[in-house]
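Each remark here refers to the structure printed beneath this line.
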């Protein structure tokens, strides 16, 4: 309380390549050295790059989005040693604030080429910056936070994801990303550790049950508390991938409004917490400042596990959610939006994606609620729909 | 306005078998005769049986739950001819009230034997009435509402579900229910129509994209508006399966708190609505009276598409939601609840199931938010957990 | 839990005069005999008349509203002896449900003649049933609940209100109602107690700090907990004056939508609670099912303590709230509503009345938020305002 | 959209006296020259001093609070000419963001000496920085915004407030502040205009019905829209007095958490809006990001118009709200807080002050809801209350 300023535990340099900054890293590995210490119960500020590590510029070109190098994304800030944290503990991380840099108040969103990460609807919308008629309050949050895996946990990740890759039955798709030495960044690691991390380090793209990671949970904003399993001494906590706003599912992959910025966190160690709570995956309590539209202000679409070719799937919520997204796109077209504009909007606006029914064979049913109040015009079904000139997103050249 | 009473469009008799009541039916078929007419813009009351058609009694035995005959469930009230409704229109149904019968103020929930419908976690919790320490306000809603399919739509349902049944690759499970003549009830149909309905009529268990049906959307309570596609002249609207309360996913199959009661609906025909809105599946706007706990009062669990055997699945939200449910069960055990108690609780309490991330290969991430305020004690992770004697559910004999 | 039915602690007879029913009473007095016993921790149902004790009929005449006899209103159900409750305890009353009688689903609202109780704006709108274009979910609650005063508390009430009456400086107005023998109803009291109650019993019109009473708090609906000071052995709890819906302030006096019905309550005695909490007036925790429009859906008006004659008042929140109500009336006229229609609407719809600023001399500032979603049309200032034919309320003949 | 940066319409210098900055002023007067032009539909940033104009330092001394010079407070940023705005128009001001200066992330609150402005409870708590056990998300908002009065409006203010001062019947209190030449700051005005403003300019302390001004409405945060009457050509809009957080009523006068910062506003002129809306006072629509605790998380206190000496007042909501505040103070003492700590807490935390009933003679009833979730411990009445060492506020020396 009082006049003590909050310590900044890590500063980043927006004008220097991420790889040259020893407080950043882009793989999950227990041997990446800590870039700093944080006391139990301490509050610190941590600066973060945007998730591309600065590959995207504040302009209207879509070329940089198209050619993002996905081997060098997710430069995370950390890892930090949290004093007194031991394997088996739970690390309580309270998010006290998340802000853009005051002199860099911008963000971006986009859709990748299918061959470059793609997105949830990438077969239908393979390529796409501008969505008029829409405004919403951002619910700023970090896409990624978590503690380092232990060697055992890391080995388990590489094994099970390797098996999926080996057994790949999904027609023509990359189903998971194995360790990738190219552009691996292990912070301030010595050469031999660097090599080890490059060879073994888990990619940061997926969230994983044992530690959380890239969960892209849109509600982890100011006031939230996250409870994270600790697998290594000191916890080795990392954070990054700040989002100005995101919808449930982050459906266009780089779907949130991505930004660099500063996050203020408080750390508290709960001794032996994993056993006490029988914790296998992170849990959290959101903060009280979500945008609050009222339940009656969500135009809500239903989707079922029958795909766009009429094929019936068995209780498949992923297929159902895809269909739900398509239903929104079909509906919003009537106001003049292009499909890509809606696709991006669903990814970055505070839309609510729910599991509605998941037991009534053979159909899973999911819903997607679109807050009507983010639009400048009335989108209720009974209001007249006027087709407007909505311009278009910025597209990459072929 | 004023003194005119609301007309009751259908009365049910709780002391008579559902099959003997011509205003009920338990299959979806265009030829089931309408049991009454409702004017465009009219408000009516419609009485409904509980979803088992009265097979469950208000007692503490679990035998009746175990032996529910699933061939004769979902006796729906209807179908009703809505004046002026034509194929291609959209039927706006406003839910003005849903209430239990004043002299039958009770409900039930339960878990079925795996061989008898099962539930979302039925491999793990195969058999299970009493959950102390918990109280919550009901958000009363109909589990099922929809208009009759056309002959073409019905044929499409039977074809695609038949293909799934034929191709069944899900180890040892019933993946879908084909038409089932036994116990089919076609309302007031003549004998030949009865036979036709028995042979072709679609089961009421799954929701389906073309008309909605059994969507089990917990938010369709007082004040909600539902927009339904119309496939046959007069719409042939049916409703039933009232729930006192339900959680997202209704995970234990008969997971809601099921009840008989009265629903008050207003009907408005939107001419040519399907084309205007490019509508393929129902959409809705919830009412304003959901229980409102505040975002910061949801203890929220994360789950990922890695199953309980450690197997990695590709962006499978169904696997992820299953895991999320398991994480809640593991956590709540520490207060003395049995797994079955928690399983039932998740099914009937107002829990929030969200799609969090569905693009970060290979893991889908879902979340399940449990409102902490429904418990008599403090379930936050940092509060002391005291193991209490929570009794047990009622179990069926083996 | 289980199959035990909830006991009805009091039945009322809608076809019999309130005065002939010994479980009702219409004065606050410690000597009114208890009409029944309720155990600590028991849940009971209690039936209630509407606040006029049945003087208003379900028709379109306004004559009965005009001529309501205010000496015989507020027939409360009770008093009930709560076992173990002693002076100094706090009685926790949990409101589990409030419902209209199933066969009497109607209510009313109205404005009284100024000489007959009047209302908050009765100088401006001295006389006035029909408000088209508006629909809202009711938040059903009891206007009155409280425990009986002790003899000392009652004497204090009569003294201080008597002093106000004696010193009446408010031009031409009735400022308080002294005890009124006419039409006093003391339940099952013997003749001498009846006389005592008639002579000394406090009128039920105002809420009072020592016990609550007629607080007309619109949020005390399903799920609410009320903590009441206990002044006499057994608490002698009474309840009545059910409202289907009300706005903050109940500004037109009989401003709520008034109804008869059934309330389900749970009683728990907190021993010595008044000293523990230093409790001088009731406190409460609302239930979680308020209508939830979202903060961004309230069109909110400001009012200040400068009256309609331009006179500056010193930090007077009552004058400010009056002005705030007038601002809403002036605004809503543009849609074709008459002033009386708006006056009634403000009284019965879920409007939010806040104290905004109360320290910036000389102006108090209050606000009144009108939920825009209760209207069938768009009332935002930037939307086109179309004057419609809104009909009129029912008026009494002169 | 895109890469255009938002223009900063006014920069302030935190190291220079407010009086030396021509873009600031501290009186309301039509002749204060505009400090800049803003286009219709333009979005700009405006920097603001804290309301004391920098008199309070970031330290733990309370002396500076005690000796604040109230003749030179409320240095507002502006006035700004809004292009096309004319008397009779309505100026729509959309609040897009409010932030502290990134390198000045602090604020303060305090209680003044009774002779120096005092506060709502200043007779009871005449003097008083530290409230442990409490944390809440700020709802940052401007305390003051409004357009300049016309000469006629200003004359009316001075007349009616002068009459109140002349007729002062409130025992020993300053009831209003007349124009005060000392320390008047008229921006860039020439000497003769300066003199005129000093002599006639209305003090900025009270909000006033004709233009809003210092309304201290805690909900005017990000996303809010305010509709302001325009009285002079160009509107001459001013803004200032930023609050990090405030409770309804701002009861301790300097009760909000006060701060300097930057506000981002969009301006839109609604031609002839005052007549169209029959607008006499500002109206607004709050933004969607209020802290959202859920109705069931507010411990709510009732107060009535019987003062602390037992005197009955007639429907006086100001007396009732005072009593309501006192009830909270009495209750929260049991956790070890001093009265001053609670007084300050009520002023700066997001507490909800409602008008409950204002027609039931002779008692007005107001309520004050305290969000239980801002406390580190359980404040429900049924939870055990432990008296803690809560330290104390910083006090000024006598």
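Each chain gets a letter, A, B, C and D, in the order it is written, and its residues are counted from 1.
Convention: contacts are C-beta pairs under 8 Å (C-beta built on N, C-alpha and C of every residue); 3 or more make two chains touch, one makes a residue touch a chain.
In UniProt terms, the chains line up like this: A, B, C, D = Formamidase.
Bear in mind that the values here come from a model prediction, so they are computed numbers and not experimental data.
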B-D or A-D - the one linked by more C-beta pairs in contact: A-D
Farthest-lying chain, centroid of Cα atoms versus that of chain C: A
Geometric centre distance via CA averages, chain D-chain B, whole Å: 50
Intercentroid distance (Cα basis), chain D paired with chain C, Å: 32
Where chain A and chain D are represented by their mean Cα positions, the distance between them in whole Å: 38
Contacts with 2+ other chains: residues of chain D: 223, 287-290, 292-297, 373
Of all residues in chain B, those that touch chain D in their complex: 292-297, 373, 378
Residue ranges of chain C in contact with chain B within the complex: 1-3, 6, 58-60, 99, 102, 105-106, 129-130, 132, 137, 222-223, 287-293, 373
Chain D - residues contacting chain C, complex: 90, 92, 118-120, 156, 160-161, 163-164, 170, 174-177, 205-209, 212, 214-219, 223, 227, 248-253, 255, 270, 273, 276-290, 294-304, 306, 310-318, 321, 323, 327, 330-331, 333-334, 352-367, 369, 380-382, 385
